[in-house]
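Working notes for the structure below.
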Amino acid sequence: MKRYLLYPGCSLHSTGKAYGESIGAVFSHLGLELSELKDWNCCGATSYASIDEMEAFSLAARNLALAEQQKDGERPDLVAPCNACYLVLTKTQQYMTQYDNVRKTVDRALTEAGLMYRRSVRVRHPLDVLVNDVGLEALQQHVKEPLNGLRVACYYGCQVVRPFGLIDDKFHPTLMDRIVEKLGAEPVDWSLKTFCCGGSLTGTIPDAGLPLNRSILTEAVRRGAGVIVTCCPLCQFNLECLQNKLRARYGLSVEIPVLYFTQLMGLAFGLDDRALGMQRLFVPVPRRWRVLKGGDTVHA
Amino acid sequence: MSPEVNSNGWEPRIIAFFCNWCTYTAADLAGVSRLRHAPNVRIIRLMCSGRVDPQFVLDAFVQGADGVLIGGCHPGDCHYMEGNYKALRRFRLMRRMLENMGIEPQRFRLEWISASEGERVRTVVNEMVETLRPLGPLALPQQRVRWDEELHEHVTDEKEVKSHAG
Amino acid sequence: MPDKPKVAFYWCASCGGCEESVVDLAEDILFVVDKVDILFWPVALDFKKSDVEAMADKSLVATFINGAVRTSEQGEMVRLLRRKSQLIVAYGACAHLGGIPGLANQFPREQILRYVYTEAPSVVNEEGTRPMQTWPHNGAALHLPEFHQRVRSLDQVIDVDYYLPGCAPTPRLLKEAVIALLSGQLPPKGTVLAPDVALCDECPRKNSKPTDIAYDRFVRPHQVQLDPEQCFLAQGVVCMGPSTRGGCEALCVKGRMPCTGCFGPTSRARDQGAKMLSSLASAMTATSESDIDRTLDGIPDPVGTFYRYGLPASLLRGRVLQTEEKESP
Amino acid sequence: MILWPMLGFIRGKPHADPRARMRKLKYEKELDLAFGEHVAAKAYGQKLLSCIQCGTCGSTCPLSDYMDYTPRKIIAMTREGFKEDVLNSLTIWLCASCYACTVQCPRQIHITDVMYTLKREAIAAGVYPRRYPIPVFSRQFFDLVRRQGRNSEGRLLLKFYLKTNPFRLLSQAWLGLRLMWTGRFSLKQDRVHDMQKLKRLLAAAAPSKEVPS
Amino acid sequence: MPDHNGSIRIGFYICHCGHNIAATVDVEAVARYVSGLPNVVVSREYKYMCSDPGQELIAQDIHDLNLNRVVVASCSPLLHETTFRTAVERGGLNPFYFQMVNVRENVSWVHEDRRAATLKAMDLARAAVHRVTFHKALERKFVHIHPDVLVVGGGIAGIHAALTLANSGKKVYLVEREPTIGGHMAQFDKTFPTLDCAACILTPKMSAVKAHPNIKLWTYSEVSSVEGYVGSYTVKVRRKPRYVDEELCVGCLACIDECVYKEPKYADSFNLGLSKRKPVYLPFPQATPKIVVIDPETCIQFKSGKCKQTCVEACDREAIDLKQAETVEEIKVGTIVLATGYKTFNARRTPQYGYGRFPNVFTSLEVERLINASGPTGGHLVTREGREPRTVGIIHCVGSRDRNTNRWCSRTCCMYSLKLAHLLKEHTGAEVYNFYIDIRAAGKTYEEFYDRLLEENVHFIRGRVAEVTDVAAIPEEEGHLIIRAEDTMIGVVRRIPVDMVVLAVGMEPQADAGDVRRLFNISCSTEGFFLERHPKLAPVETFTDGIFIAGACQGPKDIPDSVAQAGAAAAQAQMLIDKGEVELEPNTAFIDEEHCSGCKSCIPLCPFHALSFNEATGKAQLNAALCKGCGTCVAACPSGSIQQNLFEDSMIFGEIDGLMNMVYETGKEVADVA
């Protein structure tokens, strides 16, 4: 049985709780061991680098070093479900090999903290693990309640496929769509899969951030999707939790549930709602997904 | 070229054996494109990297080179089909031997540089010069002179010896 | 009777095998003894250095010196003999190329002494005693020769006129040499008194070597069951024959062992080992670095394999001393 | 343009109204000709200098609509040494790091890194819009992580709104409550145990200590 | 020192090459330094050694000072070695008593520090002076040039080269991979900037090829092996079975009408899949030769063996032969012209433009077919839905000038985009938008054409398109493709809804360019186009004598340039043929038979089978005619009994020793180095 280390990042402990829960549920259901990285620290996200880059790289690198330490010997697979964390960690790895000043500075910083990074960590996104390690066929085996007729808009967000991850096409990724198909649902073909969700701007400069958000939701519904699935806590938050505000101030005319793709998988696997954190949704999935058949969403 | 010649201290001296069709042409291209690089390399043109006789490499070191660079066509591109593979095999074996003989592997390098990769010539030359600097001079001729001092220590009649051993 | 040409034999760093080979002349020794006066031959006759010093310069027609030069004493003696002799013949692989003792040039002097006097498993030497070059002995000072940093072939110390190759030279070669000397029909100075064609020419297994040889592995004689008829190289066993002077009549091959190169390179090669490794490597089948390296693992000791008798006379002459190895005086 | 009211936060800055932002005459002495190479070096590779002004970045950027200069212009100005205008621009702060431009740039310029670099330059030069929400947010985040090793979204947002516009806190209240009900929001501080070591790590990585390549 | 007649007398000459060398290397100092070296009788510096007076200088000195060795320090030997050898010969000395020192490409052009450069020049000069003492007199080697020529590729370049050669009375083999010649040009509608119809100017040339007595045309054929060297190449050509007897077929096309498929069913490659064809087909009406092909992939007979074979019955000349097998022709030629052309960039590699996702995103080549009267829509330009587009966007530089795909400029896209813009407007009256980075109209009357387009009020938006999307931001965009680009001139991002997008795809090396170049043993530039011998002075020659390149296989090129190059290549081949013979480097290996031990180590090492074992003598022997002079066997001979002319061990050792040698006390002379 393959063993993975989980790097939750800050969101999976708060707004993204359901993501962490559903990943846990799905992984253990598939017989994958997933243990949280001990004493992990913030990856630095985008904001930290805006103030001090080398510190940001060092922060990220600390997690990599810890991963090696806690896996002593065997090559660790560090699963980073948050797109931002995933990007920052992969970026840090790449820049450490590519640029002397980063390598030297970060290595020195690690030594100061009594750590050292041997470059052995594989940073993985759950999508990558589920499709490439487990395999689509294997996933299909576990489907108990196929989501027949459910039309799903897979939204990947900007940071998972570019520019460092390289696990899928930079503009029209298909990993999630392929999973959704195996669950018996029907992925809708649309063009905003990697369109920016507004990120932290929805909070800082709503007038800039929220319109992006709105266009994603509207387009998804226009394409006949009954549900959006995503693979990033920030995207999920922006897309789901701000729908009220969007309706109130930015003329959003639709309502649509936004799930983590792992939640959707859990449902298809027939796992318990609570285990998947379904109760945490703002826009609940009415009587589970069945009523969503044919994408007849409850329009507000 | 003697180490004394450079006023600003020691400079690594590299002898390069470049094949006529790829690497030597690439060096010409580097010239035509004015790709400035370190002046430490002296190029010896051979028709093919397969012509590089291990004796040349050893002689270069013995005569005072600090590094030896072999340049040939990329695998599969040899103008003579497979001369570069022969060069590669000799290179791998030479490297082992040189290491046993106390010559650092960084001093002996093989590079595939095609006729169009003038840029690569610049990079490789500069890189090699930089890797040699920290190693310092190999200076076998000087070392040899030092070793032979021990021969004369107990000599009663210098002239005698010279007249014979000279 | 008219006084016969005076000759001398001397040995430096050698095993004594060369001296044996002289005796191996068997009845021919008498022929030699009858033709020459041997004035100096430490192995066989009791002479002192002073006797040699007493001789007039150039009074010896020829001196046969075997063994490599490693100590100050050897250096001194060969210089002395050079003065006293008209001709110096480097006798045997050690004098010719440095020989087996020359393999010591792979290691710094200090390491050798440390091993020999303290680290070797068979050594018990708590005080770590080392031979001293000078030792005060009731008032006087006793001297020991200095152990040089390097093993040298004879011509790296003195001027050499002729070389008799081999470990040891075959009686035939010696006899021919002596005859040549006596007859006065001397080849040009510096000649190696053996054919200038590689061993394969006279090898009984020559015809069994294919023309399309390609090495996918190298093995050592003890590792496989060897075909007694077929060329060693064809069986993946390193045989130095192709890069080694002939003249030994392929003694080793006839004794079912591959040539190890004691006759040294031909006059056209500057470095016997380099030439041999070039030839072997060129004919390997591997094309990728990893495969090449895997094949080369079959030659675990390249220096020992390609320079068994010739290290001091090779281009590099021995291990390059790295700064940390350089010894404090 | 919906954005202008927001800009009211930047008080007393000549740049308050982007339309008045750039004069139509520049004297060479007003420019810092070393700026381009300086930024290029900091932002990984001389690639910035190879910009052909094709505008891919500008048109890829989901936020260019709200920027005072399109990223293309920022790069042109950086290259030409329009340091002051660049560091005062809102563009650099609006970059959401979605990397869309970076992966599409035909010259493979690390545009996102250029933006990061410019943000830091702006902070260093002390010219960034003081109460403009984004730098404030970044600063809050920075301090929090520096102190705790982790960020707790709850506190971050709270602090942020207090600093920028307390009134908006009210408008966010409903959201906050729903988040709490669904257990997705808490003010409890999540922190790294081994803070001393972490502090040492950060100290060692401080700009002053950066090892040049 | 080796055997040489009497004492060595060396003349040394260093060239200023105007300022090219003199600016960086203190040539006077070098000359002075060399004059002090052993065996050097005279040491001069001169402004241009390659000039007539320069060469005369050498010849004169040889004569006056009876020099027996010459060293010239100037540019690369690849450039002028032969020049100076000839000069040496004119002086009455064997041309191979000469050694060249490269102090331009290897010194002055790549170094700045005058002192370092001068010292390097001294080292190289010293090495050459030492090396040349070991040189030997050699015979000049000539080979006869077989008068026949092979032209590979039947595009416009190949056609033109073939015709030029044939018209000058040379026998030409023209080999084309496709069933017909014509290449890309045959697919074009009009040609820029003159807008004359491509077919009208191409087809006459095509039929001329077919009809020419001196041209042997082999279509649907590929070169499978090339052996030999300049003057005598042996080439094998694989002729794929077209299941139709070329001698018998007259192109009446009855077989196509009678094919069991009543309707065309399979993608028509000539129309890039925009139309359908039957398993038995003629690529296009003017195909040359006008002989049908049967595609075994799609023909029922080949798939199931159960076809009524109506085509066979239909042919009254019994030309159809379903048993036809592949044949291999072997030919001897003296020279070869490669005109293998290019391929267009695969638009799927730029997913942001939606090619393959959005039906109305077309490539420029597809549009060429759509507006062509003989094309799939009979020249009626419509969207996939069959409507005439009201707005069309042409995106330039797709797969060009982009480090993520191809770095180079494809040179033709700007102009053909302008052409298409004009034609689209003409055909449909649509609003046409060009999205460009720069307009490159550097050709005779090209700029004027650009003017014309501007006056036709075609939109030119200077901005590289970021994406083509189907997501409407405002109602007006619904149902359109939206092109998003920054109008860098105005400085705003624009969203432009269009009915059709045309991707101006760039030009790339053929997918198999790598194999082809190995087959012919020539080099490729980094991007994969065939490499010319010299970018300026030898644009159609390669590093392999007797093999020339023409057209887009050497780099992106438009029709006029391709034709010009084809002419040049033809002239080069012709020049060799008319000369009748060519000189070869005498740098072949030779065996010291007296000392060879017959160890056979060298024999398996020669890829050209020049080495063999002579059972009689028990030694190796070398066939100089087969030896190409790589020197691999020399380096590998364990007893040093093989040597290579011009590269003997003694010479290389001489060069090394000369380079490193310190007895010349370099230190002293450098004192007066500027």
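We call the chains A, B, C, D and E, going by the order they appear; numbering starts again at 1 in every chain.
Note that in this section a contact is a pair of C-beta atoms (placed from the backbone, for glycine too) under 8 Å apart; a residue touches a chain by one contact, two chains touch by 3 or more.
Owing to the predicted nature of the structure, the values given are computational and were not obtained by experimental measurement.
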Which chains contact both chain B and chain D?
E
Contacts shared by chain B with chain C include exactly E
With contacts counted as defined, which of the two, D-E or C-E, has more C-beta pairs across the interface?
C-E
Chain B and chain E: spacing of chain centres that average the CA atoms, whole Å:
34
Roughly how far is chain A from chain B, going centre to centre by Cα mean, in whole Å?
54
With chain centres defined as C-alpha means, what is the inter-centre distance between chain A and chain C in Å?
73
On a C-alpha centroid basis, what's the spacing between chain A and chain D, in Å?
23
Touching at least 2 other chains, the residues of chain D are 65, 100, 103
In chain C, residues with contacts to at least two other chains
269-270, 275, 278, 282
Give me the residue numbers in chain B that touch at least two other chains, ranges are fine.
50, 53-55, 59, 86, 90
Those chain pairs that satisfy the touch definition
A-D, A-E, B-C, B-E, C-E, D-E
Complex interface listing, chain E residues touching chain C
592, 595-601, 603-605, 612-613, 618, 632, 635-641, 649, 653
Chain E residues touching chain B in their complex are 76-78, 102, 104-107, 109-113, 115-117, 119-120, 123-124, 127, 518, 521, 523-526, 531, 535, 543-544, 587, 605, 607-608, 628-632, 634-636, 644, 647, 649, 652-653, 655-657, 659-662, 665-667, 670
Considering the complex alone, what residue numbers of chain D touch chain A?
2-3, 6, 44, 62-63, 65-66, 94, 96-100, 102-103, 116-117, 119-120, 123, 133-135, 137-139, 141-142, 145-146, 149-154, 157, 160, 164, 174-175, 178-179, 182-186, 190, 192-194, 197-198, 200-207, 209-213
In the complex, go through chain B and note every residue touching chain C.
50, 53-55, 57-59, 61-62, 75, 85-86, 88-90, 92-94, 96-97, 100-103, 136, 138, 140, 143-144, 147, 150-151, 153-155, 160-161, 164-165
Touching chain B in the complex, chain C uses residues 72, 75-76, 79, 82-83, 106, 146, 148-150, 152, 157-159, 269-271, 273-275, 277-278, 280-282, 284, 286-287, 289, 292-293, 296, 299, 301-303, 306, 314-323, 325
